[in-house]
Amino acid sequence: MKNNLFKGIIAYPITPFDKDEKVDIELYKTLLERLIVSGSHAVAPLGSTGVMPYLTDEEKEAIIIATIDQVKGRVPVLVGVSNLTTEKTIYHAKFAEKAGANAVMIIPMSYWKLTDDEIVAHFTAVANQISIPIMAYNNPATGGVDMSPALLKRLLEIPNITMIKESTGDVQRMHYLRRELGDDVAFYNGSNPLALAAFSAGASGWCTAAPNLIPKLNLDLYDAIQNNDLDEAQKVFYKQLNLLKFIVNKGLPRAIKAGLEIQGIKGGFLRSPLKPLTESEIAEFKLILKEVE
Amino acid sequence: MKNNLFKGIIAYPITPFDKDEKVDIELYKTLLERLIVSGSHAVAPLGSTGVMPYLTDEEKEAIIIATIDQVKGRVPVLVGVSNLTTEKTIYHAKFAEKAGANAVMIIPMSYWKLTDDEIVAHFTAVANQISIPIMAYNNPATGGVDMSPALLKRLLEIPNITMIKESTGDVQRMHYLRRELGDDVAFYNGSNPLALAAFSAGASGWCTAAPNLIPKLNLDLYDAIQNNDLDEAQKVFYKQLNLLKFIVNKGLPRAIKAGLEIQGIKGGFLRSPLKPLTESEIAEFKLILKEVE
Amino acid sequence: MKNNLFKGIIAYPITPFDKDEKVDIELYKTLLERLIVSGSHAVAPLGSTGVMPYLTDEEKEAIIIATIDQVKGRVPVLVGVSNLTTEKTIYHAKFAEKAGANAVMIIPMSYWKLTDDEIVAHFTAVANQISIPIMAYNNPATGGVDMSPALLKRLLEIPNITMIKESTGDVQRMHYLRRELGDDVAFYNGSNPLALAAFSAGASGWCTAAPNLIPKLNLDLYDAIQNNDLDEAQKVFYKQLNLLKFIVNKGLPRAIKAGLEIQGIKGGFLRSPLKPLTESEIAEFKLILKEVE
Amino acid sequence: MKNNLFKGIIAYPITPFDKDEKVDIELYKTLLERLIVSGSHAVAPLGSTGVMPYLTDEEKEAIIIATIDQVKGRVPVLVGVSNLTTEKTIYHAKFAEKAGANAVMIIPMSYWKLTDDEIVAHFTAVANQISIPIMAYNNPATGGVDMSPALLKRLLEIPNITMIKESTGDVQRMHYLRRELGDDVAFYNGSNPLALAAFSAGASGWCTAAPNLIPKLNLDLYDAIQNNDLDEAQKVFYKQLNLLKFIVNKGLPRAIKAGLEIQGIKGGFLRSPLKPLTESEIAEFKLILKEVE
């Protein structure tokens, strides 16, 4: 396998705001520290959970610096640097590399549907400007473009694109990647309710916001898989499935904030147009969190 | 769990025709015998693979009698009795029970999309007329109606509906069934490319036409799961995945006939409008069959 | 344009049953007569509205004979003869021709998804056995296969396939047909809520069950289009749109039966698994029927 | 009808770049002038065609100022001010109003799928800060969220939201709007291939990039509709349909640039990741443009 640092549970921190909807860096660091000490194998700031597209360039840079500063090399750091234009994506990727990130994650955000050639040119332009590895990320639901397995295969010919993250929710995409690419390329699961199916299919890791709320259950699933113990993996997976589905259905930033507060931890404010969960949603979430205690 | 006979590899025989497109009962029996002696845990005539909807009532009855006669109790028999009208479904279910079938499988075939209440009434009417168990089968691609998990749960309240077969290709449906119904109800996988994910999710069995061509690989997958050996299951699954995808993509009756002939076994003729695979499809299939030797 | 008899409002009769779910031929004739005297330009028995797939061969034949007998040449008759197998489709097409039908309508009903070549072979086999024109009918929602515009174009090369009916609900399919085929081929609309858009796009006729309930409004729409009076067409269309959407959403056989009974006309019984509308649906339908009085 | 300035052909200018991918304001003004003098009834800068999401705040402001300056009140100006966050949307809407725009257009751009309540709060917050009318724009393909007709109805209760633009490509959405809202609200078509169906359904205007290439044909369609001459409208529509489909399929900014250059007019450069049409696409486009000469 192309050598890579990332495996196991890769945790997404949220980006919390203060009551004036400014990024709250101190609270961010506190929440990030929780992910590290509770055992996540890596952290991935500025993903969807971190509402990256809602942040200004300056805010993104502050988050990157705060992350590197807080992590202090204890776990690898994967930074989201996606942007609509190629120029801006290069800008953020270079910033992340210089700040000390171990890798960057790029989803081809699209407004106008991009052709395969445009996507390859976009990734190539970025890859040429940095030396750290790139995780190509496929998530049509948020990025607006669905990269076919054939296109992902093309992207992997670019030397420092060494990881693929699949969030389509279709386990057969992972089958294809494994079958076509063998053990040469690590693929990661980004769809929470597919965690068991993805690990069964051979995924190297699971990128997830769930460790903000249930880090032990997430780690237990990975351990069971590492121990080749499917019975245990199944048991642990079904225990957390209701929670995984709930946080996906409600939107990760909204759901994680609510879950933290139910657990008695400060989750900060959201940036508009995002709004907190309703009272009835919070009541439902309390029951789900009780199930997994 | 509600007691049931069916687990492991449940094999679908094809219904072969002679050159005048009449059902070839002798060839049917020969092909059925191959499934039994190669180790399938059960057989399921008159499914999609057996082109049940293309047969007359008399032809269906001849297939049922031939099956019971050939199997001689060596493995359990699950007979497809689906029909557009309730009256005809009852007729075929009663025939199957009287002939000695161990259970029947029913998909709510629809021309006009049926409401949930219509589907429940349809299943109830059939269930009231027979004593053997019923497997409710969900496959929107062939049946034309997609039964929601909530509807499947309603059907399971009917006493002799004890098994669910899911062929939507969405592993999350199986997660729902397992989580909602616990160990009380057996669920089965009918989507070949999902075999590994379904067993990982806890499926009791895999209904498949693949044992016509690769019985040992199918059984090896089930054995690995029984042995709680995920690594081995993964290895065996990826070995057969290309073949599983090919036979699904080309249509099971057409693909199995072609595969049998590549293996030097008589597969009979198809009934129009179904036509044999093209020469280039057969050439591709030969390569895929070579991979799994 | 290839000469054809069919234009304007082509009305679908329902197939009514008695309380034992046997076809009620006398009531069928009564309802058919209503369609003729209220001005429909043609009638089309044994369509989806006529629950053709739920009928035995003998019942279909009785309906064909009753139709020819009742119509007595006053309007052209288009008979549905679709069947899963090619042999049966030929059988019914020949019966319809011999009985005096002016044309037959064929949808490639599929259980196994048919390839384009299989569909062309199916239509060719039928077309070779009859001399009357064929309307090729595309309706993925009931037939299970979606014929691409390119495939429809191929079918039109068969000499007696002279008409296309589109029921996908996508007006752009009609644009394609008109643009590709010019005035050589008549295309028909089978999607009730698209009636205005389809006539605006150049459709020759509208195949619809609505004349069972609102014949004058249906004819008024066609007349406005014939008079090149878009303002009037728009007005008439919006008047009937709620009703058109309601009968489609509830299923035509169920909705037409209910609508007839609200209007004080005997609609007969349905064949299981189809069930009558619920009381609340009937209450809603009464309001909609009042709007168009 | 709530009074509004916009009707007929509302033309989208492209945003051209120079070879260093900087916005070329001089070329923008030249291309905008062409739209005005060729008869468009209104212009709409900073829409999808104008690659608004790819521009910085400063670039958007320069485009707004250049537009007002060039138009000099000859036609009404509708400015796109959509943004992911509420705060930024308000900022751009206020800028547009102050600069002299007649109305603003807002699509609820989403990264995280927004709830209906979040969308209503977003529009309300913007509407409270400006006095000019707002066109609410529904285009799931670019904006990532599909506003239901019921949600659009809710938005119309906000006083200065007076116009709806529908770009789903489903004419039935327009039927719903007209039926539910009567003549109180103007709705606009944003789907080029639906131009005829939308005008037939009662659309007040057509927002389109096509006048950059074929202004006369666009105006002729509107005139035929105004003259209640469906036959002529149909003829004119089918003449331009191939071109409308081509520019949509290739992406409007890429296609309009290519079309201008085929017509001998400078179209500028694109901003990466967008790339020019390929040579074979340009060759195809030349044939299509010849058809409409």
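For reference, chains read A, B, C and D in written order, and residue numbers begin at 1 within each chain.
Just so we're on the same page, contacts are C-beta pairs under 8 Å (C-beta built on N, C-alpha and C of every residue); 3 or more make two chains touch, one makes a residue touch a chain.
Computed from a predicted structure; not experimentally measured.
In a homomeric contact, the two copies may use the same or different surfaces; for subunit A and subunit B, over half of the interface residue numbers are shared, pointing to the same surface.
When chain centres are defined as mean Cα coordinates, D lies farthest from subunit B.
Note: Cα superposition of subunit C onto subunit D, rotation of 180 degrees, nearest 5. Inter-chain centre distance (subunit A to subunit B, centres taken as mean C-alpha positions): 39 Å.
Subunit D has its Cα centroid 52 Å from the Cα centroid of subunit B.
Looking at subunit D, no residue sits in touch with two or more other chains.
Taken in their complex, subunit D has these residues touching subunit C: 169, 171-172, 175, 178-179, 193-194, 196-197, 200-202, 225, 228-231, 233-234, 238, 241-242. Chain contact summary for the complex, subunit C toward subunit B: residues 21, 48, 51, 53-54, 84-87, 108, 111-115, 117-119, 121-122, 125, 141-142, 144, 251-254, 271-275.
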